[in-house]
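Below are two complexes that have subunit A in common, paired first with subunit B and then with subunit C.
The block that comes next holds the complex of A and B.
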């Protein structure tokens, strides 16, 4: 047990992430509301298409249109068509509490099976000229007493849908890659200080597995982009800078493969890997943050904060980083042992 | 660091350069020919293409020019230098020499481009500060990589494999600064990019000064 408990921990954690991350359902949400515009003082029926909803099985379905934190109206009639389709009728008051030409309304739905879910800016209401500022019709229906749902569910995001699970793999792969590359640089520095070949072997192994993780990170990111942005690659800063970073590290592999003299190769590749890591920091951390980008974490887009990473996601995201880092260390360890054995055979044959 | 020694190495490099006139002439001929080919194939170059072409030509002409900075001398010569100079002096002198060389090369490319395709730059201050900083960064990377590739196999292929990915971030920043100075793009935060370039230069310079003495000993 002693000495390999962390390998078992890594495998178990990764299995937990894989199974949990794939099996746990996504919360209910609303994919579309038609029509999405209306006039004040109108009687309107909206077709609502839900995602992962149970309109038919639910005994109690309630819906509101919310203007702001105190102003809302409730649905006059609710017709269930199927589990994922329903018709909500609203009578939109002719008077609004604020006087702006177009008012966005948020649709809130609450059922006893799925709990509460929200579609922001679901309907845009155009005010008629005769509208008077009055909040009378908006105060009667209080939103509240939401049904509680049991069990863990991942949050529903409109464009992400099921791909939100990729958080556990794509983002965690980058984190684990950085842990491995830092280990690689640490051993490169140790090698330059001590001249001990063991550190050279270790540095190379960590860097190689780090590069492999980087390639996996690019692939998973690319697939994710296909589903959310509808393209495998965009001319986005973060994507391009990462591609450059990978090119720099691929050049490292070329450098390692080019020389047959072990001592010289060790010295050169250690120096180059430190230089490359130093060049990597502005590339991945600073430049992308200065420019606008589609990718989360840039240009004001939230990344690992706010609503995007809620507690249910955290439950799998952090273990995933630890698991991938442990598995990466294990793979590096295998590479290190292989390289050491190769050295040993080389020495024996001489 | 010893200023007098740095000056000595600098002058030595300069005199070697002028003694081998064919190498010097070859690089400038290369630059002129490339500009001419580009001019003949595009015929009419708009500012957008101009900003991209000038840096691509600069990059490859510079790569050709700096390859020899550590490759031209024999192993024995280095052993001799090793007994004479502090490694920091040597690398600083080489770096300053390469920087000056690239600046001259850049001015010559600019001149040839000016004759054939015009000079669309509107904001001179931004263009020349940005270019100067960028060329400084490029010369740091090229000098360091030329040390590595001369110690490795002595081939110039290794140099381009290692150097091109490393200068990409600098070139991207340079392209943006040049685009702004040509007024194709209005960006009020362009000084951030200039500061970024300064930061990248200093980080690379620091890494090089730290790592070179170790490499030099071999």
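The block that comes next holds the complex of A and C.
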């Protein structure tokens, strides 16, 4: 049992992430609003399709169209069709407080069960030529007293939908990979300092599992991209640079397999793994941040903050990193034990 | 090992064109794209299984080596 607790901890943490990460529901959101355009002064009914909403069960449903922080109109009539479908009628004022030809309006819905949820730029209103600048018919700062969301729920993001749960697997895999590769580079340095073959074995094992996690990260990212960007691979900087970093690391495996002389192999692979790790940092962290990127967390595209990683997601994201790092260490440990045994037999035979 | 790898490759060759078709992806996209998460977890699981399988084979080889020496 001694020395086994962290393996159990890793398994239990990953189980917690799997179960909790899959059963906690996503907050309510709006998937579509039809029609999505209108003319000023029109009386219109919009068909709203919600996701995870409870329009029928909710006793109080309110809806607004918001122009800016102080101008909004509230729905004149609300018709509930089903839990996820409702009709909202709005009379769009003929006069707007600003004179722009096309004005985007944000739909805000508040129910006593699901709390408040919004669809930005839900409706585009084209102003007629006779419209004058006036904020009459627009109520000022009347939106308020929103209902609270009950219980723990993950944020709803358009396009992402349920795939936001991939945060616990795809992103955590990369973080865990970094922990393993840092362990690999640490043992590589220790080997070069001491010349102790144990450090060579450890460095190789941590690097191997780290590379495996990196390959998992690329595959899972590719699957996620298929569902959100509708393509397995794009020529995005983040994707290409990460692929290059992984290729550099794959060359490490080739290098280790190429030499049968143990001392030479150990020295070469230790120095190469330091080079590969140093190359990984600019390729993954710096270059993608210097240009525009589709991938969150790069080039002015924020991630790990706001609704992409709120406190409910953090509840599973951080344990997932720890769990994957612990499981990775376990797998590395098995490789280390195997290699040590192999060396022992080799020495005995000589 | 070679047999296993070629088997995985062949099964992947069978699955990928299926996935590329609109219909099966529509199924994977249903209920808020939840099946993408299932696919991701499956990939991690299959990967770890392959690692375990390879380690198993390597250990068997080592065991046989010890057995032959005795």
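Of note:
To be clear about the criterion, the second predicted complex is superposed on the first by the 346 of 350 C-alpha atoms of A that agree within 3 Å, B and C clash if a C-alpha of one lies under 4 Å from a C-alpha of the other, contacts with A are read in each partner's own complex, and residues count from 1 in each chain.
We adopt the following convention: a residue touches a chain if its C-beta (ideal position, glycine included) is under 8 Å from a C-beta of that chain, and two chains touch if they have at least 3 such contacts.
This structure is a prediction, so every number in the text was calculated from the model and none was measured.
Contacts of A:268 after superposition: subunit B is touched, whereas subunit C is not reached. In the superposition on chain A, A:106 makes contact with neither subunit B nor subunit C. Look at A:244: by the touch rule set out above, it reaches subunit B but stays clear of subunit C.
Once the two complexes are laid over each other on the shared chain, residue contacts for A:18 go to subunit C alone; subunit B is not touched. Looking at the shared chain after the overlay, A:224 reaches subunit C, while subunit B stays out of its contact range.
Of the two partner chains placed by superposition, only subunit C is touched by A:338; subunit B is not.
Of the two partner chains, neither subunit B nor subunit C is touched by A:45. Overlaid on A, the two complexes show subunit B and subunit C touching no common residue of subunit A. Residue ranges of subunit B in contact with subunit A, taken from their complex: 144, 148, 151-153, 158, 161-162, 165-166, 168-169, 172-173, 189, 192-193, 196, 199-200, 203-204, 206-208, 211, 214-215, 218. Against subunit C, in their complex, subunit A makes its touches with residues 18, 22, 26, 51-52, 161-163, 165-166, 169-170, 173, 212, 215-216, 219-220, 223-224, 226-228, 327, 331, 334-335, 338, 341-342, 345, 349. Contact residues on subunit A toward subunit B in their complex (touch as defined above): 192, 240-241, 244, 247-248, 250-251, 254-255, 258-259, 263-265, 267-268, 271-272, 274-276, 278-279, 281-283, 286-287, 290. Residues 25, 28-29, 31-34, 36-37, 39-41, 43-44, 47-48, 51, 55, 58-59, 62, 65-66, 69 of subunit C touch subunit A in their complex.
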